[in-house]
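So that you can tell them apart, the chains are marked A, B and C in the order they are listed, and the count of residues begins at 1 in each.
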Amino acid sequence: MHMQGPKAKAVGLGALIAFLVAVPFFISTYNTHVAILLFINIILVSSFRLITTTGGWNLSHVPLMGLGAYISAILAKSYGLPFWVTLPMAGLGVAAAGLVFSLPLRRTKGLAFFIASFAAGEALRLSWTRLIVPFGGHRGVYLIPAPDFSPIPGLQSVDFVQPMPYYMLALSVMVVCLLIMYRVDTSRIGHTFKALYSEGSLAKSVGVDIPGYKTLAFVIGALFAGIAGGLLAHYMRAIDPSSFGFTATLYLLVWAIFGGTHSFAGPIVGVTVLTVLHTILEGAMSSEWIPLVYGIILIVTLVFLPGGIESLPERLRTSKSLQALRARWVSRKGDYESA
Amino acid sequence: MSLLEVRNLSKHFGNLMAVDDVSFAVEEGEIRGLIGPNGAGKTTMFSLISGFLQPTKGEVIWRGENLAGKPPNTMVRKGIARTFQLTTLFKELTALENVIMACHLHTGTRLWQQFLRTGAVRQREKEIEQKAIGLLEKTGIAEARDETAQNLPHGHQRILGIAIALATKPSLLLLDEPVTGMNPTETEATMEVVRRLRNEGITILLVEHDMKAVMSTCDKLTVMSFGKKIAEGLPEEVRKNQAVVEAYLGTGYTHA
Amino acid sequence: MELVTQTIVNALLLFSFYALIALGLSLVFGVMGTANYAHGEFYMVGAYVVWLLYTLNDWPFLVTVVMAALIVGAMGVLAERLLFRRVRGDVVTGLLMSIGLVFVLQVLVSEIWGVGKPKPVAAFLTGTLDIAGASVSWQRCLVVPVAIVILGALYYFLNRTRMGRSLRAVAMDSTAAALQGMSVDRSGLLALGIASAMAGIAGAVMSPIFSVTPYMGHYVIWNCFVIIILGGAGNLKGTIIAAAILAFLSTVVTTVWDTTIANIVASLFVLAVLSLRPQGLMGQAET
């Protein structure tokens, strides 16, 4: 375990945040829009990754995000609650749903968890299409109010319909969420998550309550999925079940696998690189082809780089062919120098 | 009252009776050897006692309380710890980090305290590091503390497994083949650690094939074969027991 | 009374349909150790083959069904060679890979031949059969004899031919089978070829009934997964029983309520089964 000085890390982080705050002043409105969605997706993929540290590929993650979107939207639209209430409520509501989901998922792992979590997500998603009240069935919920910060002075007069203020809002929420998730990941709790996955018998033998910790990871992941959903709802101002369907889950899987889930930053890098790619592709081809590209990226990554991009540096370092090249270069250098 | 009593314990896997109606008791402060030929059911017995497997029948009585079927984390809390036959370690962590991890996993700080990295948490972490170093010293591998676990020589790995189990402050330690694969020097060093642990008040139940180590360290032996208990008693008595010799037919052990 | 017989008839048809598709999925799981989520897309391609050849080019219907079997079977073989062979035994990676394949196939089909209105496939058999008050079109019934023939052939193949028996051996223990000289790779090709062909046939035979769209595989595949989980993936007998159970339950629920409710119930059922028995209803427990 290598650690840089915490001071250096804090300075680097501060610089990055300052950079991100400055960015929207220099890019187009469209790219600001892309950035907002990227921030939301970063929260989504990081919370997904948290659950994978205990070995679970949670295929209900996108539906859970959708639930958060619906909760925040309905609370704001039908009950007039302000954003700073509805967003945490979305998080807590989805955390509660996660707790409920984790009961049947308790004893499952590997493939069974994969399929069971998908089943739970499907049941949830289908219930939105079936229940006109309050989910609006196929049409979903629309005319969702923009974030309302009353009665907080200063914030309540900001027009969050504009992309720039929403960008700042999304950025702030994302930074807070990531800090919390990072703290969990590097705490003893996070180490327990990874220990229980990599050496389950050993963890059990020193007294770890494995189902309890897996549930904890699931609930925390669900909470942040809910927050991502709430952020999305008030930005898009209209949501429906199709926004949280299988294609969205595919994208999530590709981000996570492409980036790699071993490190905290892996999936974040993955979603960022792929979002940039997506934006470029959208200019070059019609958007219908894009799921195909994602499918190919998923397959290629799984075949050639199963650890994701984050495993690339390690792979290159230990690559035998590269080592051979290096050795040859070194010996040739020696030849020249002795001549 | 015995510290641990196993009563009519059975474990069936379909038609296979891995453990068949076995009863014995281990007294506090003993070093008990559980021996028998391969396939006798010794590791299954360990898994039953430590909660990794649920018994088909019978009781596991710990200080008078029947704990049969409880999960491993409950057993650990009650004071029963185990090591594994195949060395199970956190491979990419150093020896010290392995023991720290075990200490961490075992002690409990509240979640919100974890978040804030309060002074109390930092203090606790320092204490844990000291404790971990102490355990490494007690088991004699302190000099390997910064080596990555998977790079340690086999003998050190097995001892590290013991140090990890000790992190849970057990009253009963189940050692599954602690000296298998070790040379005579390592074996004697490890058995010396086992004796020292007993002197500090930890009861030991160990499974081992190395008869020299078993004979020289155990107070009493329980012998299993094909899932059943076939003999029990002092090492010298058991050694001469006809049934035991027959069970081991072919292993060629007759003298120390 | 008519409602009851109608429900029974519908359930029977659905059972034949799902048996044809789910059995292949189960076979692949047993032999390759992984599940192919794109199996639903193979089914879809079978339907498209019929549309292309029968509707657009006037080929005889039954010939197009055979063509569907061949083409989709070839696709399965290709998928094994390129993809699934590499992840033999690794269930989650194989599944993830096949999810990627789903999107590749869906987009290819929808871009080449368009989305929007379902592709029309005229009924091959016209007229309806009336039994005991229930009425069903002959076209719908076609799947039953087809299923019987195919499954009978599969049974014969797996139990009475050398190739089939070695396939089963590989499914049971691929290391042991390899030690006895059976080609594990060839078994994979065979399994995937057979399974995909069966899915293609199902798609072909049902193409006049179901809407032919690029996404028609989506709910079919989910129900197939429900079936193999209930029946124990790799357990062919269990899969057939599970297909019967699902077909019956699904038909009843759809008749009383609607398809969405049926899908919700199916999802909840899977959840319930897996939570109590993570190895499926008829799978082997891991100790």
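Things to note:
Note that in this section contacts are C-beta pairs under 8 Å (C-beta built on N, C-alpha and C of every residue); 3 or more make two chains touch, one makes a residue touch a chain.
Just so it is clear, the model here is predicted, and its values are computed rather than measured.
Taking the mean of each chain's C-alpha atoms, the chain closest to the overall C-alpha centroid is A.
Of all chains, the one whose Cα centroid sits at the greatest distance from that of chain C is B. One finds 42 Å separating the Cα centroids of chain A and chain B.
Centroids built from CA atoms put chain C at 50 Å from chain B.
In terms of their C-alpha centroids, the spacing between chain A and chain C amounts to 33 Å. Chain contact summary for the complex, chain A toward chain C: residues 57, 103-112, 114-116, 119-120, 122-123, 126-127, 129-130, 246-247, 250, 253-254, 257, 288-289, 291-292, 294-299, 302-303, 306. Residues 35, 83, 86-87, 91-93, 95-97, 99-104, 106-108, 110-111, 218, 222, 225-226, 229, 260-261, 263-264, 267-268, 270-272, 274-276, 278-279 of chain C are the ones that touch chain A when the two sit in their complex. Residue ranges on chain A touching chain B, taken from their complex, read 1, 180, 183-184, 187-189, 191-192, 195, 198-199, 201-210, 216. Note for the complex: chain B touches chain A at residues 50, 52, 71-73, 76-77, 81-84, 88-91, 93, 97, 101-102, 104-106, 109, 111, 114-115, 164-165, 167-168.
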